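Below, subunit A partners subunit B and then partners subunit C, in two separate complexes.
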Partner chain A sequence: MAPRAAELGGGRVGARGRLFVGLLTAGVLSWLWLGLDPAKLLPRAPHRLVEFFGAALHPTLVSEAGVVPDRLIVGENLLQGLLNTVLFAAAAMSLAIPAGFVLGFLGTPAWWEDDCEGARRRSPFCFCRFLGPLLKNGTRLLATFLRSIHELFWAVLLLAAFGPLPSTGILALFLPFAGTLGKIYAEMVEETPRDAGLALRDLGARPVQVFLFGLLPRALPDMTAYTLYRFECALRSSAVLGFFGFQTLGYFIKLSFDENLYHEVWTYLWGLVLLVVLTDSLSGALRRRFVA
Partner chain B sequence: MGRSYGEVRALDGVTLEIRPGEILSVVGPSGSGKSTLLRLLAARAERRRGSVVVDSRDLGRLEPRRLAVERTGFVHQDHRLVPNLRVAQNVLLGRLGRQGLLASLRSVVLPRRHELVRVHEVLERVGIQDRLFERCDKLSGGQRQRVAIARALYQEPRALLCDEPVASLDPTRSRAVLELLRDIAVERGLTLVLSMHDIDLAREYCPRLVGLRQGRVAFDRATTDIDDDELDRLYRLEQGELIEDGAARG
Partner chain C sequence: MTGRPATPGDRLAEVRRLHAERPRSRLLRLALAGFALLLVASWFVGGFGFGELLTPRRLENLDRFLEEIRPPQARGEGGLLAWLGWGFDLLLSRRGLPSMLSTLAISILAILLAFSAALLLAPSGSR
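Right after this comes the complex of A and B.
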C-alpha cells in the first residue's frame, strides 16, 4: 500500500504552504487596502535623491552653510554627538541590565519550581501554588508592558512629564530595554538544558540553588551575548532620540537635514555607522574572550 | 518495593538487602528497572509501594530521606556537570544539600582555603588534581566521569550509587573507572551499587549481581554462583520485544 502524503511529511509541507500563501495574501490585501500604486514607489524628485546619496561620497567637517568657516564645526558637533550618544546608551543600559536581571529572575519559575518526582519539595506549598505563579505572571506582564511601548513613544510621554532633561532620554531608553532584557533573560534560563540542574537536585540542592548553580551559569554566555547586541540597539536608539531635542547624533542630523545640508548629514551618518561597526567588533572580541 | 510511571510498572515486588561496605551490580536488559531501583535506593525518587530502610530507619519519613540524599553519592551515566564551571566549582557543588543559599554562594564563588584543599584531595584520589581550575567542558568523557565521582565523594557519602557509570566510555577507560570506584569503596568502606548493562564488566568487578527483568528480581547471588544460561535467559528477547525490535529496525 502506498504511504499517504502525511506519513511522508506531506502534512508539514502542506501546512507550510498554507502559511506562505496566507502571508502573501495578507501582504497583497494590505497593499490594496492602503491603495498603494507601485509606480508611486519611485521618487517624485529623483534629482534630490541623487543629490542626497551623492553627498555620501563627500562628507564634510566644516560648515556647509559657511558658519564659522575656519573651524571644523561639523567635526566638533560629530564628536559631541557621538559622545552623547554613547553616554545616553551606556547610562540607560547600566540601569536596564540589573532591572532586566530582576525581571528575568522573577519572571521564571525555575528558581522556585521543584518537579523532581515530588521527592524533596523544599519550597513552601502555598508559594508554589499561588504566590510563585502570581509573581511570575505579574512580572511578565510588567515586562511586556514596558517593551510594548517603543522608546520613542516613551520619549514623547516622558518629555511631557519631565521636560527635555538628559534623565528623560535615559529613562525613555531604560524602560523598554529593561522589559526586553527581562523577557529574554527569563526565556534563556528556561531554555537551558536541565540535566546539570537535576543532578544538583539529586545532591539535595534547593530550587533557588539549582537556579543559581545549575541553570544560570549555562544561560550566562547567551545572556551576555544578547546584552552586547542590545547595547548596539541602544546606541542606535540613543542617536534617534536626538530628533526629540536630546543632544545625541540625531539632534545634529536633524539640524543639518532641515537646512538640506546633506554633506553634513552624511558626516553624522558615517559617524554613526562607524560607531556601530566599532561597537560590533568590540562586542565580538568580548564574546570571543568571555562567551566561549 | 514498587514504582510505576503512569501505566508502566517499572519495579514490582523487589526485595533487596544490602550490607554496609558491600559492592554489587544491578544488571538487566534496557527498561528492566535498573535506574529506577537505584533512584529509589538513593531516595532520589518516590516509591509507591513498599519501603526503603537504611540503618533501621524507613526513608518514607522526610528527615531520614534528606539524610539519605546527603549521605548517598549518586553518579550519573552522562556526568551531569555544569559544563562552563571549573572542576573545583563542580566538586564544591557536592555539598549544596548541606548548605544554605549564602554559604553555598560563598563556597562556589569564593571558596576558602580548607575547602580547596579538600577538593584537591578528592580530585587527587580520582587522579585529576592537575585539572582543578579547568573548565569542565574542556575535559574528556573519562575525565568528566572522574569529576562526577569526585563531586559524589566530596559529599562524604556512606554509599555510592552509580547509574551506568561507564556506558559512554571505551573499554580501557571503563575498566579504569570501575577499578577506581572499587578501590575507593574498599578503602573507605563505602557501599557501592552499580547499574550496568555490560555483563562482563559487572562480573569482573562486582562480587554480587542482582539480575532484573521486567521490574522483577530474576536472581540475586554471588557472581561466582551465576552461570551463563541464567544470564542468557536474563537478556533473551521476549516474542513481543522481538517483533517490536524488528519493526523498529524495519
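Right after this comes the complex of A and C.
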C-alpha cells in the first residue's frame, strides 16, 4: 500500500501552503486597502531619475554650485559628517548597552524562577509569586514601550521638548536601542543552558550569583555579537538623524538634495555606504569569531 | 582510572591549567577594547553632555511641551477616564483606525516584498 501523503510530511506542507496563501491574501488586501496603482510608481519626470542615478558615477569633492571652488568643501563636509555619524552612534550605544544590561537582567526570570517551587511552598507571599512576575512584566513593558517608538519619532518628540541639541539626538538613539538591547539580552539569557547555573545554585549560590557566574558568561558571546550588529544599525540611524538638523551625514545629504546637487548627494551616499560596509565587515569578522 | 584520588589541590591546579589553556584571541580582545574606547572617546571628541538639557530655558520648554502633548480632553480634572475616553475617541475617529490599518498594510506589503527579494538573493549570498 502506498504511504499516505500525511506520513510523508504532507500535513506540514499543507500548513505551509495555508500560511503562504494567508500571506498572499494579506498582501492583496493590503494592496487594495492602500489603493496602489502600479502606473503611479513610474516617475513623472524620467529625465530627473536618469540625472540623479547618473550622478552616482560622478561624485564630487568640490562644491557643485561653485562655492569656494579652490577647496574640497564637499570632501571636508563628508569627513565631518562621517565623524559626527560615528560619534552620535557611539555615544548613544555607550548609554544603551548598560541600560540594556539592566533591562535584560530585570526582564528575565532566569535568575530567580528555578528557586520558585520550594519558595512557593514555604510562603504564599514569596518573590516568585508577586514581585518577580511584576518586575519581569513591568521591565518588558518598559522595553517594549521604548522600542515601539522609532528613533526618528523620538527625535521629533525630543526636539519639540528640548530643541536642537546634540544630546537630543543621542537620547533619540539611546531610548529605542536600550529597549531593543534589553529585550534581546533577556531572551538570550533565557535561552542559555541552565546546567551551570543549577550546579551553582545547588552549591549554595544566590540568584544574582547564579545569573552573573552561571548564565551570563554563556550568553555573553551572543550578546556581544548582537551588540556589534546594533552598532551598525545605530550608524545608519545616526546618519538619518541628520535630516532633523543634527550634523551627521544626513544633514549634508539633505542640504545638497534640496538644491538638486546630485553629484554632492552621491558623494555623501557613497561615504555612508563605505562606512556601513566597513563596519559590517569588521563586526561580521568579530561575530564569526564569537559564535565559532 | 589508576592512582590516588584527586585532592582539592589537584582539582584547583587542573582548573588553573584549563583556565590558562582556554582559547584566546588577541585580535578579538584588541577589537573589543577598541570598540569600548570608541564608546568612551565619543563623549570627549564630540563634546557631548546632558548639562545643556537642564538649563532653565530648556526646562521651561520641557514643561510647556509636556503640557501641550496632553490631549485637550485629558487636561485638568478627569484622570484615567479622560485618557481612556480620548484613546477610544482617537481610535474610532476618522483618522485613528484608517491610520492604523494603513500602517499595517504598508508593513505587510513591505515584509512580503523584502521576503521575495531575500528569497532571490539568499542563494547567491550564502556560503
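Going forward, the second predicted complex is superposed on the first by the 265 of 292 C-alpha atoms of A that agree within 3 Å, B and C clash if a C-alpha of one lies under 4 Å from a C-alpha of the other, contacts with A are read in each partner's own complex, and residues count from 1 in each chain.
Criterion: a contact is a pair of C-beta atoms (placed from the backbone, for glycine too) under 8 Å apart; a residue touches a chain by one contact, two chains touch by 3 or more.
Computed from a prediction, not measured in an experiment: that's the story for all the values here.
Undergrad: Between subunit B and subunit C, whom does A:Met93 touch in the aligned arrangement: first, second, both, or neither?
TA: Only subunit C; A:Met93 stays clear of subunit B.
Undergrad: Give the label of whichever partner, subunit B or subunit C, reaches more residues of subunit A.
TA: Tallying touched residues of subunit A, the top partner is C.
Undergrad: Once the shared chain is lined up, is A:Arg218 touching subunit B (first), subunit C (second), both, or neither of them?
TA: In the superposition, A:Arg218 touches subunit B alone.
Undergrad: For A:Asn137, using the defined touch cut-off, is the partner it touches subunit B, subunit C, both, or neither? Pick first, second, both or neither.
TA: neither
Undergrad: What residues on subunit A touch subunit C, complex-wise?
TA: For this pair, the touching residues of subunit A are 23, 26-27, 29-31, 33-34, 36, 83-84, 86-88, 90-91, 93-94, 97, 157, 160-163, 165-168, 170, 224, 228, 231, 282, 286, 289-290.
Undergrad: Okay, in this complex, where on subunit C does subunit A touch?
TA: Within the complex, subunit C touches subunit A at residues 25, 27-28, 31-32, 35, 38-43, 45-50, 52-53, 58, 61-62, 65-66, 69, 101-102, 104-106, 108-109, 112.
Undergrad: Where on subunit B is subunit A touching in the complex?
TA: Within the complex, subunit B touches subunit A at residues 42-46, 65-66, 69-70, 74, 76, 78, 80-85, 93-98, 101, 104-105, 108, 151, 155.
Undergrad: Considering only the defined contacts, which subunit A positions touch subunit B in the complex?
TA: Going by the criterion above, the answer is residues 116-120, 195-196, 198-200, 202-206, 208-209, 212-214, 217-218, 220-221.
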